[in-house]
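Got some structures for you, see below.
Next come two complexes built around chain A: one with chain B, the other with chain C.
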Partner chain A sequence: MSLPYSLRTSITPPELELIATQQLIEIIPLIAIEKTAFISGAFGPLQPPRKAKIPLWMAINLKLRKKCHIVAPEWLSVEFLQSRLDEEINEPGFSKLPFRYAEISKVLLDVASDDIQNTDKIRSLLKDLREARQAKSREGLDQINRGELSVSNLCSMEINEIRPFFVHAMGILTHLHREASTEDQL
Partner chain B sequence: MDNDYFSIDAILAENQKIQCTFKQKIPEMGHLGGGSERDILPQSKRQIPIWLAYIIVYSDWADFDIPQPFSNKVRNALRAEPRSVRLSNLVGAGTGWYVFGKTIMDMLGDEQGIEMSEMLVTTFKGRLVDVIDQAQHFAALGPVGGSGGGGGVDSAPQMFREGLDTTERELFVLAQESARRMKRWYEESSGGAKRML
Partner chain C sequence: MASASASAHTSTRARLPSAAPDIYIPEDEESLVSQLTKHWLNERHAPDILPAQEELLASLLDYIRRQSDAVQLLRGQPSASEEEHIRIMLVQMEVERVKFIVRSYVRTRLYKIEKFARFIMGDATIQTRLTTAERTHAQKHAELTDAHFYNSVLQSLPETQSHLDDTPIFMPPMITKPDESRPVFVHALRDCPPIRFHEDLTLEMKRGHISLMPYSFIEQLLLRGDVELI
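So, the complex of A and B:
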């Protein structure tokens, strides 16, 4: 294989971001567009004051041309994130967040920060969440074994981050393990 | 780490020598292991590379001793504190302690083999968290600070890093690369914004 080793074990964050932009998001369009067919389906029609659901990549495109306002998803708010952060700190397991929250929140904060309220507070909450969850996955490393590792509610970006070395470490543990058996001694 | 035919690690691990005690007289083979006598006599000891030791041990011509990197002294040190043992110093350059251990483990009988396996697994697990921690720490420093700075002042992490086994080094690189990629992604602005502006 000619791919670098690190690329063989997991996909890159920008690729995950690309996947995440397939998700639908609500916008308030500022221009009228007829119903348009894309490979992933038909979206529209966009009629100005009415809200519409379109894929995130399209919303980003329109937003950058100042042709729409993006309606921030419910979970991208101070109250929601604060409650999850409290849960994260007080409960042992991972709290339930949208699977692609890291990608989507980053894209939205980068592109449409004027459509979101309290961006600074949200940014710092997201950072705290990320750090709290990282600390937990580090604890998970302590309990690693060759068979399985249960990490419910872990999000795509986090899974992708820990995948290379978790998988490798579990592979090593499998090699180092020896069954008590009567198998081939000679 | 695996016993794949093409695995460079496995080939290198087989180059390690282990001490064999011969049970039988083997004529005309005194040159093995640099001996000066003509024959190998019973009860004589020779250092034999593993690739050759397999056949000798399995044919019951000789017994082998547990090599020094896995001796009781090392085991006790590992039991006390896995992170303070410098695994890379135990075996010669180019081989891994774990790979070597795995090879020896496969040659041992059940009882000793399982004990060995337990030791390898406990050691690996005991050191794993620190390996990953340090890798992430170094990724956070960025490409410039990565080589020279950081951890030089307090010597314990430095010592630990230098004592990493080849297998652990691979993990270190993987974790570091992954953390670095994440950091890069978080720092740059998202794809769409870059292309349009």
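So, the complex of A and C:
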């Protein structure tokens, strides 16, 4: 088959991770590499201890070889996540988080936990955030109709999670409406 | 563009293509890889077949070939230092990542083409969105399945029941076509003109807006590049 069955309805989390790791991140290199032309652009030169911006997948690879330290993005900190969590609990809408925060925070916590401060606290905050947002998006199911459902500030992983059910539900509502209106004309 | 093989021949020790200033990609312009990623995601989520990106694919395949050639050339050098080794590995890894996306993109199109093969043969608009190779494939696929159905079942059925393109009442038509009413998640890349759903509901999407709505409403916006599917 040209496309395996599991890939037909939706994109998968590993594929989302592949996309997320294209984003740039700051590192402190421990190895000198000259400027190199990649397909996605030119990166480098890396000169310790000067900070450099490279794609996340490259940073992960170097990190696994202990050839760099990763500078955690500003949003991956206790203060930022705590303020977003408070907002999430007190406000009706979704708080504004980086679009691919779930994927990026996961890979960073997996490979570079020694470069991030308070990882335990960050992990539990991320989990709370995820749960609070998940509950909200489930409530959103009430508002599905045949027209449109705004889900601004929802993140890629969360969208992917609700996609099969939401798409199916809205599809059915659209069909029901279409059938009802054709009957009116008869 | 500093070609890898040219610089390798001139210097005693081959090096990866250094970034020449003329191939510098400004930050606000999307790199080919992120363009392809966007088209790949759109294709994965859209119920219909989107216009083929032949030029983009051709130039990316060209890049992949050049980078792999450079890597091959450097692999043969036994004296490479550790830094050089890591550099080669990173370049190779990127090539594999891009190859994955290219493959998945092509396969997604292929899946839809096979699914809608019969519909494609009878519809001129959808044909304009395919490459020549894809059109040929659709035609062959439709002919082969038709012949197969005919030989295995249809020839022994009465004349009135031996067609593959009936549109019986109260039943879905026999030719599968893209379901344009299937909802998709859209992300507005810039401010969009208002969309009219029905008499009393319009929506004006601002930049960054994310919404779930039937594909047919945003088809035009998607073709213009105002929105992307996520």
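Keep in mind that, in the parts below, the second predicted complex is superposed on the first by the 171 of 186 C-alpha atoms of A that agree within 3 Å, B and C clash if a C-alpha of one lies under 4 Å from a C-alpha of the other, contacts with A are read in each partner's own complex, and residues count from 1 in each chain.
The definition used in the following text is that a residue touches a chain if its C-beta (ideal position, glycine included) is under 8 Å from a C-beta of that chain, and two chains touch if they have at least 3 such contacts.
Bear in mind the structure is a predicted one, so any value in this text is a computation, not a measurement.
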Which superposed partner A:G171 touches (first chain B, second chain C, both, neither): both
Touched partner set for A:Q47, first chain B, second chain C, both or neither: neither
Touched partner set for A:L18, first chain B, second chain C, both or neither: both
Touching partner for A:E34 - first (chain B), second (chain C), both, neither: second
Which of chain B and chain C A:N61 touches, first, second, both or neither: both
Which of chain B and chain C A:N118 touches, first, second, both or neither: neither
Touched partner set for A:L149, first chain B, second chain C, both or neither: second
First (chain B), second (chain C), both or neither touched by A:I159: second
Where chain A meets both chain C and chain B, residue numbers: 10, 18, 57, 61, 65, 144, 163, 171, 175, 178
Chain A residues within the chain B interface of the complex: 5-6, 9-10, 12-14, 17-18, 21, 57, 60-61, 64-65, 106-107, 110-111, 138, 141-142, 144, 157, 161-165, 168-169, 171-173, 175-178, 180-181, 185-186
Complex interface listing, chain C residues touching chain A: 2, 16-20, 23-25, 31-34, 37, 41, 44-45, 60, 63-64, 67, 82-83, 86-87, 89-91, 93-95, 97-98, 100-101, 104, 107-108, 110-111, 114, 181-185, 197-198, 201, 203, 208-214, 217, 230
Touch list for chain A against partner chain C, complex: 1-3, 7-8, 10-11, 15, 18-19, 22, 31-42, 57-58, 61-62, 65, 67, 144, 146-154, 156, 159, 163, 166-167, 170-171, 174-175, 178
Sites on chain B touched by chain A in the complex: 1-2, 58, 98, 101-102, 105, 109-110, 113-114, 116-117, 120-121, 124-125, 128-129, 132-133, 135, 167, 170-171, 173-175, 177-179, 181-182, 184-186, 189-193, 196-197
